[in-house]
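There are two complexes below, and they share subunit A, which is joined by subunit B in the first and by subunit C in the second.
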Partner chain A sequence: MGREEFLFLLTGLKWTVALSAVAFVCGCVAGLMVALLRTSGVAIIERLTAGYIAVFQGTPLLMQLFVVYYGLALIGIQMDAWAAVSVGLTLHASAFLGEIWRGSIEAVPRGQTEAAKALSLGYVSRMKDVVLPQAIRISLPATVGFLVQLIKGTSLASIVGFTELTRAGNIISNQIFQPLTVFGIVGALYFLMCCPLTIYGAHLERKFLTASR
Partner chain B sequence: MSQVRTSDNSIEPMISLSGVGKWYGAFQALDSINMSVAKGEKIVLCGPSGSGKSTLIRCINHLEAYQKGDIHVGGIRLGHGSKVIDAVRREVGMVFQQFNLFPHLTVLQNCMLAPMRTLGLNKPQAEGRARTLLERVKISEQAEKYPAQLSGGQQQRVAIARALCMRPKAMLFDEPTSALDPEMVKEVLDTMIALAEEGMTMICVTHEMGFARQVADRIVFMASGVIVEEAPPAEFFSNPKHERTRKFLGEVLGRH
Partner chain C sequence: MNYTLDFTPVIDGLPNLLWACLGTFTLAISGMLLAIVIGIGGVILRQSRVKLLRWLVIGFVELIRNTPFLVQIFFIYFALPLAGIRLDPTPTAIIALGINGGAYAIEIIRGGVQSISKGQTEAGLALGLHKAQVFRLIILKPALRTIYPSLTSQFILLTLTTSIASAISAYELTSVSQRIESDSFRSFEVYFTVTVFYLVISWVMMRIFAFFSARYFSYPLR
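Here is the complex of A and B:
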């Protein structure tokens, strides 16, 4: 495999990183909304949000991407592949992060909210100043774990025609007929992205365990 | 006993409950509670576990909603609107059995948060007030530490200072020494005694009968969600009227 082909793979890698970053950042914002709605204390809102989460947890990511890609086109919203997979992955991430953070918010002892209420802190301050800083700490290992899943999940965007790392590999492999070499390199690139994150997640988990003892 | 004189010159209690009823689902935790606390008055609330003591004081700052009767705090009727609830919570401080300090904030930050967020104090003002009150509970040298670095007794004194930073008109204590190692009980009780001597209106749920004898104007005894009897300490200890009170006193004072 020549320099040209390798550079093409790196372009794919760049899009994988961009897609992961967009889905993660937008997923964090939307996921925070989901987590707050899911713990709002309003029964109907909690049930609707639980349903939203259940849909994304109970269906394959690939199907979710198909539905966004073809579904949006069907109702007349024209989007290129990049926008469609970004939206799809963001929705996917919002549901999973929302559920992770719901658990973390509920893991913060009730006494914290009660003390904040007794001090007459309103909902925004209770969340922003008291509950979320503690919940985020609790959720960090699981959040990093999900980020790794999300990076690997972006490879499914190749199926709707978005040229990220996996599709770039496919294209090169079809050109030079060395699938093993090409996908070996593609795999190594994924590994280089995910492995440090996994190690970091495990480190956070250990740190959290020792801190909570 | 000193009392609040409102503009129309009627004497109004700091905290009053009339006919308060509270249910957890079908279970009635409070039944027709009547109680009136004048400004500067110290009430000790005691009774067996599960008798509704926590529920009662948690209704006063609306950590629990009540379904029947009326609660007035500082002249405000405690209804369900969030404006009213916030107003009452600004006037009433609470100290919990488990301290409930915010573990991610330093002692100083714990004390500064609510005055900045709800009273609109700026940072230097809030810090000045926090340091003064930490001084008063004799813990100012720990201001930069995190709660986990302090002993239980120190944490509870910080919790008292944190509540006082709101300059409350009344303080509620829910078994503030029950989670402490015995050697730390005294430092917290001493802090509460000092507060009482300064004239704070207080309702304390506690089984520390020595404290009750020394500080309380009245002792209120509860069982099964009702107030069984109330009396000044001398009378309460020497001449309890009800069989349940005698049995309870026998248990907490260790005579059988």
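Here is the complex of A and C:
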């Protein structure tokens, strides 16, 4: 494998990073809404968001990407693969992050909410200043863990036809007939992205365990 | 929006899709069994006195957990023939699923085994049980009970992961649906239906796991 091929893989890597970043940032915003709706206290809204989460957790990411990709075209929104995959991954992330953050919002002791109510704080201030800062701290290890999963999930965009790292690897491998070298390098690049995050997540978990002891 | 949904190709392909569901189940369950074997074997190696073995297991787990399954399955698909093993895509997919699930199973089972206090092992040995008996009866079974929820949710993920095996055209639901899609161009209809199928499959899996939990892991001990 020559320099040219490696540079092509790096271009793929760039798109993988971009896709992960867009999906994670947009997924965080949407996920926060899902988590807040899921803990809103209104029975029907909670049911609906629970259903939304269950659908994304009970179906393969690949199918979600397919349905979004063809579904968007069907309702008349013309999008290239890049945008469609970003939307698909964002929805996927919003459901998973919503569920993670629901757990951590509920893990904040009830007394905190009650105290905030007693101080006559409104909903926005109660959430923004009292509950969420504590909930985010609790959720950090799981959130980092999901980010690793999301980065690995972007590889499925290659099946839909978006040229990120895995598809770049496929293309190169078909050109130079050295699949083991190519996929070895592709795997190593993913590993270099994910492993530091995994270690950081484990570190956060340990830190949290000792802090709560 | 001037598109009319047409589910006829899906309805025509329904027998094929239902058989493919069976293929997905086969992949998932064989993958799980392999994952359990790798998981328990890995945990035993992880506790061995040989430092090299312990590090090999840790390296294997981290390598698998930090790379995408799609890359793993491609690698295995191309590596096996080089090693002189010629297999169809479906057995290859089972091996890849087993290896992937096994790495996660090692981590989960290890957590359970570590939660059993050392006194239990010592008491078992003091009662004259053999080392293997102690591991099987006193460590593994209670450990499996503790970790059963996390192990089964990992296995639900494994079931959903089988859809990626379509990339090497193993026989399962996604690859069959892709064939129907490319024959009919009714992409949304096909994938929407198949998504519902997957929802049912993961629900059925959850029921199966709940049944096993009630049968084998509920107190009082049978």
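To be clear about the criterion, the second predicted complex is superposed on the first by the 213 of 213 C-alpha atoms of A that agree within 3 Å, B and C clash if a C-alpha of one lies under 4 Å from a C-alpha of the other, contacts with A are read in each partner's own complex, and residues count from 1 in each chain.
The definition used in the following text is that a residue touches a chain if its C-beta (ideal position, glycine included) is under 8 Å from a C-beta of that chain, and two chains touch if they have at least 3 such contacts.
Because the structure is a prediction, the values reported are computed rather than measured.
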{"item": "Contacts of A:V186 with subunit B and subunit C, given as first, second, both or neither", "value": "second"}
{"item": "Touched partner set for A:L121, first subunit B, second subunit C, both or neither", "value": "first"}
{"item": "First (subunit B), second (subunit C), both or neither touched by A:A168", "value": "neither"}
{"item": "Touching partner for A:R137 - first (subunit B), second (subunit C), both, neither", "value": "first"}
{"item": "First, second, both or neither for A:G111, with subunit B first and subunit C second", "value": "first"}
{"item": "Touched partner set for A:D129, first subunit B, second subunit C, both or neither", "value": "first"}
{"item": "Partner chain in contact with A:L9 - subunit B first, subunit C second, else both or neither", "value": "neither"}
{"item": "Residue contacts on subunit A - larger count, subunit B or subunit C", "value": "C"}
{"item": "First, second, both or neither for A:V87, with subunit B first and subunit C second", "value": "neither"}
{"item": "Those residues of subunit A which subunit B touches in one complex and subunit C touches in the other", "value": "none"}
{"item": "Residue ranges of subunit A in contact with subunit C within the complex", "value": "55, 58-64, 66-67, 70-71, 73-76, 148, 152-156, 158-159, 166, 169-170, 173, 179-180, 183-184, 186-187, 190-191, 194-195, 198"}
{"item": "Residue ranges of subunit A in contact with subunit B within the complex", "value": "109, 111-112, 114-122, 125, 129-130, 133-134, 137"}
{"item": "Subunit B to subunit A touching residues, read off their complex", "value": "61, 63, 82, 86, 89-90, 92-94, 96, 98, 100-104, 113-114, 117-118, 159, 162-163, 166"}
{"item": "Residue ranges of subunit C touching subunit A (in the complex, touch as defined)", "value": "1, 3, 62-63, 65-72, 74-75, 78-79, 82, 156, 160-164, 166-167, 174, 187-188, 191-192, 194-195, 198-199, 202-203"}
